[in-house]
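Here's the structure we're looking at; comments come further down.
Naming follows writing order (A, B, C, D, E and F), and every chain is counted from residue 1.
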Amino acid sequence: QVCVIRRSRAPSCRSSQFNVPPSALLVARPVGVCSMMRLPVQASAEGLDVAFVGVPLDTGTSNRPGARFGPCQIRTESAMLRRYNGSTGAAPFDSLRVADIGDVNVNLYNLPDSCRLIRDSYQEIVASGCVPLTLGGDHTITYPILQALAAKHGPVGLVHVDAHTDTGDTALGQRIYHGSSFRRCAEEGLLDCGRVVQIGIRGSSYDPDPHKYCREQGFRVVPAEQCWMKSLEPLMREVRAQMGERPMYISFDIDGLDPAYAPGTGTPEIAGLTPAQALEIIRGCQGLNIVGCDLVEVAPMYDVSGNTALLGANLLFEMLCVLPGVKTL
Amino acid sequence: QVCVIRRSRAPSCRSSQFNVPPSALLVARPVGVCSMMRLPVQASAEGLDVAFVGVPLDTGTSNRPGARFGPCQIRTESAMLRRYNGSTGAAPFDSLRVADIGDVNVNLYNLPDSCRLIRDSYQEIVASGCVPLTLGGDHTITYPILQALAAKHGPVGLVHVDAHTDTGDTALGQRIYHGSSFRRCAEEGLLDCGRVVQIGIRGSSYDPDPHKYCREQGFRVVPAEQCWMKSLEPLMREVRAQMGERPMYISFDIDGLDPAYAPGTGTPEIAGLTPAQALEIIRGCQGLNIVGCDLVEVAPMYDVSGNTALLGANLLFEMLCVLPGVKTL
Amino acid sequence: QVCVIRRSRAPSCRSSQFNVPPSALLVARPVGVCSMMRLPVQASAEGLDVAFVGVPLDTGTSNRPGARFGPCQIRTESAMLRRYNGSTGAAPFDSLRVADIGDVNVNLYNLPDSCRLIRDSYQEIVASGCVPLTLGGDHTITYPILQALAAKHGPVGLVHVDAHTDTGDTALGQRIYHGSSFRRCAEEGLLDCGRVVQIGIRGSSYDPDPHKYCREQGFRVVPAEQCWMKSLEPLMREVRAQMGERPMYISFDIDGLDPAYAPGTGTPEIAGLTPAQALEIIRGCQGLNIVGCDLVEVAPMYDVSGNTALLGANLLFEMLCVLPGVKTL
Amino acid sequence: QVCVIRRSRAPSCRSSQFNVPPSALLVARPVGVCSMMRLPVQASAEGLDVAFVGVPLDTGTSNRPGARFGPCQIRTESAMLRRYNGSTGAAPFDSLRVADIGDVNVNLYNLPDSCRLIRDSYQEIVASGCVPLTLGGDHTITYPILQALAAKHGPVGLVHVDAHTDTGDTALGQRIYHGSSFRRCAEEGLLDCGRVVQIGIRGSSYDPDPHKYCREQGFRVVPAEQCWMKSLEPLMREVRAQMGERPMYISFDIDGLDPAYAPGTGTPEIAGLTPAQALEIIRGCQGLNIVGCDLVEVAPMYDVSGNTALLGANLLFEMLCVLPGVKTL
Amino acid sequence: QVCVIRRSRAPSCRSSQFNVPPSALLVARPVGVCSMMRLPVQASAEGLDVAFVGVPLDTGTSNRPGARFGPCQIRTESAMLRRYNGSTGAAPFDSLRVADIGDVNVNLYNLPDSCRLIRDSYQEIVASGCVPLTLGGDHTITYPILQALAAKHGPVGLVHVDAHTDTGDTALGQRIYHGSSFRRCAEEGLLDCGRVVQIGIRGSSYDPDPHKYCREQGFRVVPAEQCWMKSLEPLMREVRAQMGERPMYISFDIDGLDPAYAPGTGTPEIAGLTPAQALEIIRGCQGLNIVGCDLVEVAPMYDVSGNTALLGANLLFEMLCVLPGVKTL
Amino acid sequence: QVCVIRRSRAPSCRSSQFNVPPSALLVARPVGVCSMMRLPVQASAEGLDVAFVGVPLDTGTSNRPGARFGPCQIRTESAMLRRYNGSTGAAPFDSLRVADIGDVNVNLYNLPDSCRLIRDSYQEIVASGCVPLTLGGDHTITYPILQALAAKHGPVGLVHVDAHTDTGDTALGQRIYHGSSFRRCAEEGLLDCGRVVQIGIRGSSYDPDPHKYCREQGFRVVPAEQCWMKSLEPLMREVRAQMGERPMYISFDIDGLDPAYAPGTGTPEIAGLTPAQALEIIRGCQGLNIVGCDLVEVAPMYDVSGNTALLGANLLFEMLCVLPGVKTL
């Protein structure tokens, strides 16, 4: 009767080779040491097809800190999630070996060293062919993650949902912070720049022509204004064509959404995307050669309801549901 | 000058046979022992056309509790409501005798006994022909309410707004909890299954085909995906045709709305309906033979602004405005 | 089974002439339209020995507003209170007729007019010999309350617990606001100045000798510094001797307590009294000729836990327990 | 290295005659004594083209108070704003002299006197030709502001975004409160009534025909229902035609937006506008002869995330971006 | 570099047979899937001297629910705790094998069944000689825990810190809820009634002589009034003498403390104990034959700071530090 | 009528050479661009006796971040403070020239660089003989502040109130973070180690003998246990004797107080000091040769009431009141 994380192999599935989240019909939601979807926790990515990984770093944040607690609260709220995607029929746990492999031990007092620790961890994770689904953490972390992924897969395509392009150069004299990740990636050749799409961009800017750098790299920038009150399915048809069959990555900054849906974040911008559009974007990536995903910038203290973290947990589950190899029933 | 609930018979209406909520132009909003819309409170439904009733139960909740305080905070926030529906012209207090008849005394430690207490109370309420408008409480309560209503009216049609179909069978070995109400109702013949519509359904599921049971009963399930960025007026035209002239019930789970609008609830699901759509649904029920309504699952502590309760209070007022016999000016 | 406020005459007491708060052993705490202690609500003080009255005014506040919602949340949290004072043995409902008579309808947009409305209401209340226990509201309200009380009883003694002496003259050019109440009372002869004690006074001041006015009137000022880490029972022995047998009033500003205990208030000052000391003060008034009491300055929004209001409700109950005529078992 | 408000003249602009907000690339966001956009603060409007002014008054509020702290928190959250409007290309600080001139010293205890103080202050501000952008405060303040503006410009056109028409006559016997401002303005001839548009109106009402007074004055009322799920660009084309070239004013009550986006406000109404629509409205005013703007009714305590104030700050910045004389790059 | 719970065997201790919490000097505090003190999680109590166990039940709560999330947030906040007790010199991890064994799977919809599940789980836990330290959950859970402990150890002594004696008989007709646990225990002979001490008791009561039942059983009741502003070391000397060498249990309801220190709880009572006194009580138990401990009634939503849970985590650590077999340096 | 910071020279003092905070009797509390006590803001310390300075850094925090917003909210809440210390009679503004000189521009992404920026700024501030009163920020900042002060004054004595000694060596491989400040200071000879007192120390520790390093340096450590329920006046007599007449510094970490009083902080420890004791400590420093003071670790988001910041503001005011040269009336 004592239920720990290993108990999350629910009775009906115990003969299976796959982990499954425990059903709230069998194990009460508040029960269990909280891992992502209450899945088993294991120390390495060995033997996994997909790993949830936390990166509790927030010292790259320019405004409100707190994303260091994002992984913890996303796991806590993920107890709401169930095994199947009733909307799309996706059954990720029927064909993929998935677990939570804990957090990268970041260096809170030294950003470049944190980047090194993250990169090294992800090199280990992807070495065995495992796809990492990352619980952020501020957006700084995508830079070292892509270093590890590009080392394995070469330059990747990118679907980047965000209020900001995160292509700044330096801030307060530093080259590494949460607003420069994709410039660093571009400089280091980690991105296949012709296959980069940035969706939801908006807000005041340091430059009257804020997307110049992106355009010069060949990124497609889709401002929030082009998304207002529209289905994004047509956009995603174009994105799928653009991405083709080569490896690509999804980087989802929760501030891509309007602060009404995601108040718990550090640099909110008004008039953003809706969760329905977020689902259209993620579901629109089905069939692509996804080699990794992240959900970043959940700063729980700014949303005492826990709902921003719940939203993040849902988006991570939706990313899992469109990974290569997921069966749809 | 002491203003209590009886004082809510405002001066300009004192010769009237009808109760009216006190105007904030005459009685300051914070003034008065809070009843629904600051209407008079009376001990029984005798002599009333419509009664607001609270059912402060939340022990059927699978995730976050707190809906036991839903009735109290809905009443508190309802001080914002005024007498008329300026959008539709409805003037419910000009032709209906309406009061707040307090709360059912639930048994917090025994769910089946709570259901019995609720059913018995509602049998009394509906005996005299009064229409109950219920302030929940978790969704468990709709089951005993419909037992009482169906005993009087026969199987009823149902407009059910919710993120979840609430047609689970058992959870943690129990048949009664907030996720099984409508299966219990269907099993007992309380619903006219060909006139059941469930709107806003979404979220992860325990089964890859989550609406199978509903389809088998003949329920119409309208997933949230079919509602995104659309007016629901066309849907409601179909619903009105389907409902016909026979008795029907409106059961509105506040989690049918997106958590951005209703953060104060126990089992939120992302990408839900908007308040505008909620109004289209309720206003779209005008002309139907409504025999009762409920608004459930407001859990105030998860929304310290009070706005979820305010939303619930507004939706209850809109339900009042479409009841049979309401004059429209 | 429908439980409204009248139902608060609990079964075991139904033959009694006295109202009693319903026991949570019989009526679940969240049940009922919230009146103070879930007592019956009645429109006037007729026939009562003691009346709980709300005065939801906060426009006399110099810093954080919100005390207009004090009465409402004190009533809500008072559902925790039970019938007897187990510590002192007081059984107020065994010998006194007590009810909640609702709120004074204040004028939110005109402070002097609010004062007039309050004074007129209290003249009615005290006319019949009923003792008012007031749920504030900001401290402005004590001025018109004392106008009504002094009209009946003559100048009254005063036990005044507060961080501030509230003897300012004018602010922003106005003579009526929450910092000048007791100067206005003194000027109008409502206080028996030799029997005025102010306890818990502290904080920065507009004058280097901030208690000069009080001393000149003959008030005793007990700064918080004299109370730190001490039992106040010796002080209260002196106070009882000073008050004698003539009419006296208790005015308790919740900010007399340290903000740790009462964060939900408008003008908090650090290093205040403890709830234990508050109980020593109130219980120390037993035997005095108390003609009225108030508990003011609960501003709920600054304490989302509700505990400041709960504290206020407890202090009001303790005041009730020391009124003349209460039996102690 | 000590950064105060004067330091906000960022190095790259120091030879300029214009103030600019400091870039977060050079001055960390939490740094600085918070003025609007961290602009320089100066004691008078002398020499300015545009002045941000705070009016921290909330005693005209009928429900939840707190807007007195609106100016403070709008300034705090405005640290997120950057120099340019990347969406429209507007570069207001390249051609306009802008500063924060602090707050009007209101009289918290006397509404009519506050109105006098506001009117007198704004007469000074507009005397020199400076355009005031006001940080409210409750909506009462627009009445004395328009007294000052109309004294200079004659009756003005009005784009009024709000849930309420604010054309009530009296409340609690008073003619001045936050629900009567535009009736007072109309009565005094401050408005060019044929050029008044009220957008976003909704909610229950004191009258079954709530817009009768507005229609009689010639105001155009655009209910929220007409805005649901629609772009407002067509509406704004009509509004621009209607406004013509004569002076007009923008009065934006944050409760015009849905409470999901702006929970921190005193009298929220469900089913309101979206921030995207707010931007369409404000950007749709480009080219008009705007003589002043306000953003009112931000009550921070009801949104602990700070995001309502951030929304307000953004809307004020957007208003600045459409003022006459702003260059677009 | 990926840090999961197993990684909590910190490098410097890896050759040890004992688990130790990871040092924040080596592993950043936000890192890791949160177990109690970030200790290893294991599925059973096999091989352990001490086990932290969660019991996430709150359906026995009479007022505010939420204690179901107590175990989760206590674990989260316990990341602040370090390996040694610097005040007492206790080094529990140097001599005891300690782990977190997860949660009992409670039945949220059926209290008696939850009690059965808890009792069965604890019988397993104590079978191997492991001492359970319980993270509650509401106080109902102590009844089945003591059923399991008494089955092994015979009737136990009890140090019970609480605002309430929890010796009620029935509530709402039920015998099992959080207010009757110790009457049930006494009735079943689980307590050695001459060795029962209840400390911190206070609050209004259902009976004018509220401790009569306790006295009749031989319990010692120490009201909060006897603790005010006093060191409890003298009391604990007496308690130690009374407890002797036979098995005893510590049951600590967080509401024994004043709500200022522990706002996050369901049935707060004013004027309670201080954390210093709580430490005196627990440290005063050193040397006793402690066979189990619990810390109950942490309801996190009522304290958004997390500090009530942090307090609970500290008290559990202090209990660990006084267990038999702990070395003191 | 427009009130900005310069207006804070209140009318009654306008001929004075001294700045004074505006009285709330003349300028309403919510009015004004918030500086510390609404004093004038100036760009440098030139001509000042005392300067309030903010250091909005929190990236040295090991647990909950947020202290970067400490200076802003301390300023906001300081609007409650009045000109005189009524308890001690201190009149600091009658003899000292005091202003707010804004914030040091920290480098959020590079801790050592932030330290450099802070040190350089403070060297400028103290060059002219001005005494800095610092609004932190996390405790990292005291290290560079003392570098600047010791460069001018030589090694300083220290009254250090805190839950932690902050004498750790390295964390996560770094030598600079908020837990090592005083070891760095000692190593660099900035402290006169025989005149260092650390008060309020408590909590779990990384070592069973946690004060060994302090003892070895000659620091006096006063654990919280020695302070419980005691006046600290005797301690402060000893401290005054120990400090003598040479320069000393007061470093006050708000977590020295119990979290009940100061929930808004990053690394709270239970059973701490009370505000009364804090006042005894600070007032007990009167007469000492104080060359600087700081109040650190206020992290506002963990206390939505604002009261932790208000407490911090009060403590800074009390520090001002004991500076050399303050007149006492």
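Quick note on the criterion: a contact is a pair of C-beta atoms (placed from the backbone, for glycine too) under 8 Å apart; a residue touches a chain by one contact, two chains touch by 3 or more.
Computed from a prediction, not measured in an experiment: that's the story for all the values here.
Asks: Looking at CA centres, what chain is most distant from chain D?
Replies: So the farthest one, by centre of C-alpha atoms, is E.
Asks: With touch defined as above, tell me whether chain A and chain B contact each other through largely the same residue numbers, more than half shared, or through different ones.
Replies: Different; most numbers are used by only one of chain A and chain B.
Asks: Once you count every C-beta pair in contact for both, which comes out on top, A-E or C-F?
Replies: A-E
Asks: Once chain B is fitted to chain F on CA atoms, what angle does the rotation have, in steps of 5 degrees?
Replies: Here the rotation carrying chain B onto chain F measures out at 180 degrees.
Asks: At what distance in angstrom does the C-alpha mean of chain E lie from that of chain C?
Replies: 37
Asks: Listing for chain B: what residues touch at least two other chains?
Replies: 28, 30, 62, 68-69, 107-108, 171-172, 229, 258, 260, 302, 304
Asks: Looking only at which chains touch which, which shape fits best: line, ring, star, complete or other?
Replies: other
Asks: Inside the complex, what are the residues of chain D that reach chain F?
Replies: Of all residues in chain D, those touching chain F are 1-7, 27-28, 30-35, 41-45, 53-54, 56, 68-69, 71-72, 75-76, 100-108, 117-118, 120-121, 124-125, 304.
Asks: Which bits of chain A are touching chain F when the two form their complex?
Replies: Interface residues on the chain A side: 58-62, 64-66, 68-69, 107-111, 113, 171-174, 176-177, 301-302.
Asks: For chain E, which residues count as touching chain F in their complex?
Replies: 23-26, 28-30, 79-87, 89, 91, 229-231, 258, 260-261, 274-276, 278-279, 304-307, 310-311, 314-315, 317, 329
Asks: Provide the residue numbers of chain F that touch chain E in the complex, in ascending order.
Replies: 62-63, 168, 170-172, 202-211, 223-225, 228-229, 258-260, 263-264, 267-271, 302-304
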